[in-house]
Amino acid sequence: MSKRMPRASGYFRTDYRQDFALVQTTLQRLSLAVLILLLIGYPFFASPFHLDLACQVFLAAVGSLSLMLLTGYAGQISLGHAGLLAAGAFTVGILFKEVAAPFWVTLPAAALVGGILGVVFGLPSLRLRGLYLAVSTLALHFVVVYLGAEYETKRGFSTGILVDPPQIGGHSLTDGRAWYFVLLFAAGATLLLCLNLLRSRTGRAWGAIRSHERVAEALGISIAGYKLLAFVISSAITAVAGALFAYYRGFVSVEAFSLFLSISYVAMIIVGGMGSLLGALLGAVFVTLFPYVIEAALLALPGSRRYAGEVFAVNYASFGLIMILFLIFEPLGLVGIWNRVQNYFLLWPFKHRPLAGSGK
Amino acid sequence: MTAPLLQLNNIEVVYQRAITAVQGVTLKVDPQQIVALLGTNGAGKTTTLRAISGFLGLDDARVTEGTIAFKGQRIENRSPNENTSRGIILVPERDKVFPNLTVAENLLAPVSHGIRPAERKRREALVYQFFPRLGDLRSRVGGLLSGGERQMLALGSAIVCMPQLLLIDELSLGLAPVMVEGLIRRLLDIRRELGLTILIVEQSAPTALGIADYGYVMENGRVVLDGTAERLRDHKDVQEFYLGQAGEGRRSYREVKQYRRSRRWYG
Amino acid sequence: MQLIVNIFVLAAIYALISCGYVLIYRVSRVLNLAHGELMMLGAYLLMTTASLFSGNLLSAFAAALLLSLMVGVLVYVFLMRKLTGEMVLAAVLTTIALGILLRGLMVLIWSAQQQYPAQALRLSNPGIELFGGARISTFAAILVVTTAAIYAALFLFLRFGRWGMRMRAAGQNPLLAAQRGINLHAVYALAWSLSTLTGAIAGMLIALDSGLSSTMVIIGLKAFPAALVGGLDSLVGALAGSLIVAGAEVLLIHYVDPLLSDVVPFLVLIAMLVVRPWGLFGTREELDRV
């Protein structure tokens, strides 16, 4: 995955630190500053509903970034993402109900549980690839969800576990705006973690494994080690996302962690564009907001009251349809579209980039 | 002067819109002729065969210039099914049999349009006549055959289609010389009896020149030399670089200028 | 004794569903995860034809079967055909998306309520007494017999039929098959239509026996471990896998914990993936081994 050329002409990198930096040209710095200002200012002129939407997007982003690390970069398919979210959420639920643990115990515990589960989910990847690996992650998802359901029924929480919001120095975290910043921080931290991981030896090893496993092995990269590492890191992050989800909603129940949720996350990275963190973010935004857009569109139609009861089914059907359309027509996702548009304007009047490797 | 069965005119084949594998290739195959395409790895021989048989699309390649005419009709960039129904049958280099079908089933599977069961039986019997060894192996599964038997089966399953033009990719690859000789002699018999036209691609020039009437030598995607088999056999460069018969004293590539050579050979 | 009967019935259900997975996988290496939804569609189609041809049982069934066959062809021609040549995983994800789309459409067209085709067709489902005091419902018995018949027919077709041989050839070496004149698109469309047909039959019989609801999709999903355990490209394997999974499920539910019912097939699947990923009777493919 080659680095995009900085957009400013006359920009030369003169030492390694410059080459390595995340933000390089003035234009990039400016854009980042504007973005940060917008993000910080948003909660001050957004309605509670829109605030909740943003929070959902941030939560989804944490999960989609971790899945992108695993599938988009390390090349290990996982259809069991919801199982890992459930693991994190249930860790919070169980610790809260059994020992009234505070959040600064449950969150690391969720990460730990996620990491351990990551090893379990990752073991098949040492022997299987592609379809069979996907199927094994699917099976493990069902097992995890079953364990959660088992806990619910055996402990009498058949309708779900209620969880109190986290307490910091006597203050409960219930304010929408406060949650916005907490989750924004979580998403931002995850993004930074991913960016740094990918710039490191680990990220390069994953890229090598994804491109050509045998060759990577011949070059001395420990395939088993890095594959498991990908699963462990990804699962730990996902479990933390699940834990945050539990606190945000105040409620944990198996029904929320269905196969459809796993597929939603897969849709996020496909729709967003595989192999790119920006894709994970775009995908998270798209998939999270999609049902609301559909619902709004439905209600705008004449005779909308008739359809009100069908919203769920329409959501389902249109989600399937959109996923199919992207898989067939735009496999590179939103990032692919964005790149094409960018290239068109950047390269005009030329039509094609020079071949990769034929000199910058 | 009969019209050629197959005529390639100045074709250019490009992979993924970026890599030119074959450039300016012109060749023809007359009816009932055996034509050989010689060259080392990467010369563009298999690409040319793929262009003729219509299987370029799999590798995202296209004939971007020139024409391929079969019996006077343009066939470049058509779908593979069209070409097979015209009778252009390819014996591929690898994966040339159905591994989990028996020998008999391998010969039954190919589809020839509009032939009756009696005709199908006749063709199957013909294959067993040409390759008696296969007759003993009728119920052996394709994946369990030895290399030579597999090649015989591959040729057999092509013959069952009664091809108008038989394309063979690397007949001798992985086979002992004795086996290859036997196959070549069998091919000549088949050509004589069925009047087949064959275009054979070969890395092993002795094999190809032993059977061909006419030959083309390819290098780097271009045809650099062509002529009848005798002329090629007597050609000094072909002798040196493809037949392994060094002349008096070793000559380096630089000294040989008998035919135009691409810059790749220098340095 | 009742346990044994239950195992056989469940195994028959899984086997009938599995042959749909096997047909498509064997021919095109695609795991059709929309099979459960297609099963359900078949049952819904029966409900519709039942009301269209009210009273005429045979026409209702025939029409529903014909429609299911056509659905299979349509799914291939308009959707899966666009993916030939792409990665298998993309095709599998597409089938997942198709399943979701179908589920939404089915709720929109027929509503999410539980339906009872047996009532709609004015058929009854009495229990039959078997030896040892075990009972089996009529439709369950019909299902077992149908499964056996369909498997026999499929074996004969694949082994001796002209198109059956082409299907096997295309599954083993698609490129060579194309080079020998076999029309790959036709073969794939045939596989999809047969798969949808058998799935629809399964869906209809299950619905007639115990009603039509979204649990059918779950049953469909539970059947693919049976196919995988036996070997995704082997019909014999599907039979064996179905017996094993059904046996494990019924016994574990009875002796250990009824909640296990939905997870047992996947536990068996995991065990098999650890030991022998290509299943009991499957062809050992280029699965990467470390």
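Note that the chains take the letters A, B and C in the order they are written out, and that residue 1 is the start of every chain.
Everything that follows uses one rule, which is that a residue touches a chain if its C-beta (ideal position, glycine included) is under 8 Å from a C-beta of that chain, and two chains touch if they have at least 3 such contacts.
Just so you know, these numbers come straight off a predicted model, no measurement behind them.
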| item | value |
| --- | --- |
| Pair exhibiting more inter-chain C-beta contacts, A-C or B-C | A-C |
| Distance-to-centre winner among chains (Cα means, whole assembly as reference) | C |
| Between chain A and chain B, centroid-to-centroid distance (C-alpha), Å | 52 |
| Computed distance of Cα centres, chain C from chain A, in Å | 33 |
| Rounded Å distance between chain B and chain C, as computed from the means of their C-alpha atoms | 44 |
| Touching two or more other chains - residue numbers and ranges from chain B | none |
| Chain A-facing residues of chain C, complex | 29, 31, 79, 82-83, 86-90, 92-94, 96-105, 107-108, 112, 221, 224-225, 228, 257, 259-260, 262-263, 266-267, 269-270, 273-274, 277, 287-290 |
| Partner chain C, residues of chain B touching it in the complex | 53, 55, 58, 80-81, 84-85, 89-90, 92, 95-101, 105, 108-113, 157-158, 161 |
| In the complex, chain A residues that touch chain C | 77, 124, 126-132, 134-136, 138-140, 142-143, 146, 149-150, 153, 213, 223-224, 259-260, 263, 266-267, 270, 310, 312-321, 323-324, 327-328, 331 |
| Interface residues, chain C side, partner chain B - complex | 85, 165-166, 168-169, 172-173, 175-183, 283 |
